[in-house]
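Common to both upcoming complexes is chain A, partnered first by chain B, then by chain C.
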Partner chain A sequence: MKSARLNKLTPYMFLAPAGLVLALGLLYPIAYMVYASFLSWNPSQLIGEADWVGLKNYSDLLVDEAFRESLWVTMKFAFIVVFVEMLVGVGLALLLDRNIRGISVLRTIFILPMMIAPIVVGLMWRYMYHPSVGIFNKTLKDMGFESIPWLSDSTWALVSVIIADVWQWTPFIFILSLAALQSLPKSPLEAARIDGATPWQQIIYIKIPLMMPVLIVTLLLRLIDAFKVLEVILVMTNGGPGLSTEIMALRISRTASEFRELGEAAAMSNYLLLFLLLLTMAMFIYNKIVETRKEKLLAAAEEG
Partner chain B sequence: MSLKKTITKTTLLAVSAMSLVAATANTAYAGPYDKYKDTQLVVNFPAHPHYNAVMKVLPEFTKETGIQVEVDQLQYLKMREKQTLELTKRKGDYDLLAYVVFSKADYVYADQLENLARYFMNPRLADPKYDAEDLIDGYVSNIGIAGGKKGYLPGATGSLFGVPFGSETSILGYRKDIFDKHGLNVPKTYDELLDLACKIPQLEPGMGGLASRAASGHHASHAFLLHLAPLGGRIFDDEWNPTVNNAAGVQAAEALKTIVDCGAEGAKTFGFAEAGASFLQGRSAMFLDSTVFAGQVNNPSKSKVVGKVAWAPHPMGVRKGSQTGGFGIGIPKNAQNKEAAFLLMQWLTSKKADKLIALQGGNPSRYSTHEDAEVNAKFPHMKTFGEALKHADPDWRPIIPVWGKINADLGTTLSKILTEDADIKTSLDAVAKRTRKIMQDAGYYTWK
Partner chain C sequence: MTTKTENRQNPAFYALILALIIMSLGPIILMLTTSLKLNVDIMSDASSLLFAPTLNNYETVLCDVLWYEPGHVDYCNPTFSRALGNSLIIALVSTAITLVLGCMAAYALVRFKFMGRGAVSLTTLMMRMVPPAVLLVPVFGIWTFNYGLDGTYSGIILVYVAMNLPFVIWILQSFIVQVPIQLEEAAKMDGANPLQIFFLVVLPVIKPGLAAAAIFTFRIAWNEFLLANALLDRGTRTVPVTIVNSLTEYDIDWGVIMATGMLLAVPPIIFTFIASKQIITGMTAGAVKG
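Let's look at the complex of A and B:
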């Protein structure tokens, strides 16, 4: 009797250390942040001295124009960046999924941008975008074109940071899609080839659908990352001109250090967290729906 | 050199022998520093040209007093975060710290800096020959004193929490060679300045008029404020009503826009470093910003305009008024060696050390140092700077805890005016409205 109960408890005992680490390392900081978001907390105060303001930080943010603009900029940035990166990254992977001489060297070169520290990427692009000595404007001028206000015009500034981010993170998608492509089962492709499918048909009807699970995870990872990007933009534009490139992470960092409102910064982080959580959940639910529908279709086909 | 060493050695010996005698004889007669000999002070200074000069002079202090000083030099933007953490501890690591002027509001309000009155009252600590009147008024009012007028200025209820050290003001640098070549006069008023700023690009194709900061945020706001005070404006009136959108405010924003439009290529996103580089590379004919910049002009490794630059006071609008800013030094409430820290503070800002530091390229805090012949022989611009400092305006920007937020809003709005041609009056009206809300939340209209 006793040993039976002990047996039942055994798995929990083995799980306990991991659970403890999870609680301490993950849940405690998040709980702390949630608690802080209900405070009017100035960094010169200890957390115990801060006033409790309830949901004021959250409601203030909703009517704060700068916050809403920053949210809009973040969305624009994240969705455009991820869309372009997926397109280019998957495209490159499809192109390079073959036996070319020196392919491993090529692959290494392709993923180089990803390995560079973000601050360096920011600095590098800032110098390349420099209005008079930067390579882009110099080339444009040498070719007889007007120079472009890369970082000093609000529309161009967003385009410029998008270009830099695409440059840095396309390789990430490329390398994951390439791995997915190379681990695809050979039989469906062979069958398709025997049936006379053109390369395009192979890509659209066989390769992409089979890669889908990997692509969705990749997309999600990139999207989460794109919502949190900070250093590159911090170095390149510091959010300017105006608020045109002030993405959320930058706004949060400024709220904490420049405006000295830790509570509001925490509330902002929680909004971002909630938003990303919803996004992730929506993505998984969509995936689930698609899969169940596929299974149903398969079952129906077998029956028929 | 060796002779000097021997002399110091012998004096040291003599001093220690004397203190030994004094100790055994149990007489009260001792030098001000004896009690603190071998104390180990930890101070926090920024990495900044002035403090780099201070580092060269500090060994002199240890030699003279026997007090050891360990310096934690941090990048100045990182300093505030570190200090905020340090100051909230029960026992702090720093005995003396250099703070940026806008930290004054936060630290004093949070009761984290020592009131200096009890040190200047203490006959064993205060040097009667310190001559505090010689310290530059504008700097002391701006950086040192709090609790008087508007809370952050001197006045009947104010007192001293820090001493200016590494402070700076705004000054106009111009290219003598260009001005001579075209027979231009050095601008004394804003009308002349703006006129010249746009005339120069026509006279010297490819060269910008005045190099100014304009980048979104702090930089744009700083540049605007530089013009606002001389043009007769203020961010708030005496009852904290935002007045940034009045006629003077609009005029200051227009001035900034004119300057940036007539500036060198890329002027719309210049920060302090880019504006400075533009002047040093010879791509702009004038420069109106902090005096701390002056040290680089004649450094051939950084500057292409060595020997071609002259200095003049910040031009006047309806009044004379240059900025006040930079650093001050204060003693944290949670410091371990407050009295020795005060002695270091007093020594560093004394006439003697002020001059030594100035000779190493620092920014002096005293009028006398600006007029000193030896200092002027090495840095001929010092006299002009000293004259300009008589009109330094301690109230050119408010020093209140919510300023960071207002400053950021002002800075981004100005950036929109500069880069997107937003309407000046409408934009400033919106800033005033948002500022009122921020002030309301912070409790500034409680007494209305």
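Let's look at the complex of A and C:
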């Protein structure tokens, strides 16, 4: 009798600690943030002393030039970065999809950039972009070219942070698409080869369409991550020159710590979160569609 | 067939692979060589490969914990060595707690069919979406005013555990699903209680999953900057925070800062080399299984 009750309680016993931590450390903060976004609140006040201002933070942000600029920079950064990374990553995977000896060593080397702290990645690139001691300008000078204002010109600064992110995250897409390529069913490719399809035709009509589900999920995952980038840019440019590389995450942290507008920072966080929520839902819905389609096909195959 | 294609590879193919290796390792090697240089060598115009390597920068960073007193350090700044200690404690403790809680929760979700796998992967995805920047305001507010945990280890550890739990639960679930139920039933026949079954039967089988989860958690706790910067004070700061603090607009001591960066990069690099397989499993699981 006692052991039966114990057994009934076991799942709760196992789940409770994790649930408690998640509630205290994640759910409560997020709810708190939603509440704080309706307040005019600065860090020296207790939250109870802050004034309720309703939707003012949200509407102020919509007409705030700096916020709109930062939104635009974030969009540019995220979409360019993901586009370039997909192109290069998938391209490389298609090129290198053969039996290479030591592919596991290669993979290990390629994941290094992702494992290292973003702060350190920013540091390395800031050093390489350095106007006088950096390797890029040194090389340019040795070859007799003009040096480039990598981080001090507003257009170049955005290009520079994009290059750094592409360096760090292209391997992610490369590894995922290589894994997808190597697990493709063999028969359609064999059939195409026998029918005399050229390598290009095989890629465009067979490999890419078959990889599509993985590619789309990879793309959305990367896009979500690209909106979260902060440390690399913080170390390299701290958002400057001007506002040229001030992506949203950086703007939130500056609004909170420099301008001391916690309410506004919370409202900004909510905008970012809503946007990411849309992306995530898109990904989830896509996954569901693919799964149901697969099940239908399987069911049809079994019937027939 | 495989051996034939392997032998007939185009030389351009190997050139491409070599170029890729150089590109991904280049910046890391550059950081390593810079950390082994004196500032005179860093600033000089001469070739960057010819220099006398020195451990001076590392001695400056670690002066507080070295058993000898390096001659070139006039004033020993204990900030870095303290930060290294803080980083280690925080990352290790968060990893341990996340693993224990994550394991238990994942086990309950699988074996007691508590919530569908769909619900868990949805929450994992949702959590993956939340940028640390979004947590900045509430975490700062709550930890300072409600919990009184600002500046303490436990405060930051709570955030890291909460941030990592969804992913860890989700990845461990996929390993626990593969543990044959017969194994557990046999243990039950022999009179083991649920806790014994969990610790003595299930845990040993899912070791690879634990390794992947541990590496991912450790990496996030070890590398994180933003929340650490907001929550920790002078005595409890982690390495990423001290690195950013020592970056000023002008006159950066590149040698020392690169040495610090290198020390921060070493643990993830070691993990990558000993467990790249588990890391890739963890990474691809996110995209391939959804």
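Side notes on the structure shown:
Operating definition for what follows: the second predicted complex is superposed on the first by the 250 of 304 C-alpha atoms of A that agree within 3 Å, B and C clash if a C-alpha of one lies under 4 Å from a C-alpha of the other, contacts with A are read in each partner's own complex, and residues count from 1 in each chain.
The definition used in the following text is that a contact is a pair of C-beta atoms (placed from the backbone, for glycine too) under 8 Å apart; a residue touches a chain by one contact, two chains touch by 3 or more.
None of the values given here were measured: they were computed from a predicted structure.
Looking at the shared chain after the overlay, A:M75 reaches neither chain B nor chain C. Once chain A of one complex is fitted onto chain A of the other, the partner contacts of A:P43 extend to both chain B and chain C. Residue contacts after overlaying the shared chain place A:A18 against chain C, while chain B stays out of touching range. Using the contact criterion defined above for the overlaid structures, shared-chain residue A:T237 touches chain B, although it does not reach chain C.
Of the two partner chains placed by the overlay, neither chain B nor chain C lies in contact with A:M212. Judged by the touch definition given at the top, the superposed model places A:I224 against chain C, while chain B stays out of reach.
Within the superposed three-chain model, A:P131 lies in touch with chain B and out of touch with chain C [touch as defined at top]. Ranking chain B and chain C by residues of chain A touched puts C first. Legend: residue contacts after superposition of the two complexes on their common chain; A:S257 is shown touching both chain B and chain C.
Residue overlap on chain A between its contacts with chain B in one complex and with chain C in the other: 43, 46, 132, 257. If you check the complex, the residues on chain A that touch chain B are 42-46, 65-66, 130-132, 147, 149, 151-154, 237-243, 246, 254, 257-261. The touching residues of chain A, when paired with chain C in their complex, are 6-7, 10-12, 14-15, 17-19, 21-22, 24-26, 28-30, 32-33, 36, 43, 46-47, 92, 95-96, 98-101, 104, 106-113, 115-121, 123-128, 132-133, 135, 138, 167, 171-172, 175-176, 179-180, 214, 217-218, 221, 224, 227-228, 230-231, 234-235, 248-250, 252-253, 256-257, 262, 265-266, 269, 272-273, 276-277, 279-280, 283-284, 287, 291.
Interface residues of chain C facing chain A in the complex, by the touch rule stated above, are 2, 5-6, 9, 13, 16-17, 20-21, 23-25, 27-28, 30-31, 34, 42-43, 45, 48, 101-102, 104-105, 107-109, 111-112, 114, 122, 125-142, 145, 158-159, 161-163, 165-166, 169, 193-194, 198, 219, 222-223, 225-226, 230, 240, 243-244, 247, 254, 257-258, 261, 264-265, 268-269, 271-273, 276-277, 279-280, 283-284, 286-288, 290. Listing the residues of chain B that touch chain A in their complex gives 80-81, 84, 87-88, 106-107, 109-110, 112, 215-217, 264-266, 268-269, 283, 401-402, 404-405, 407-409, 412-413, 415-416, 418-420, 434.
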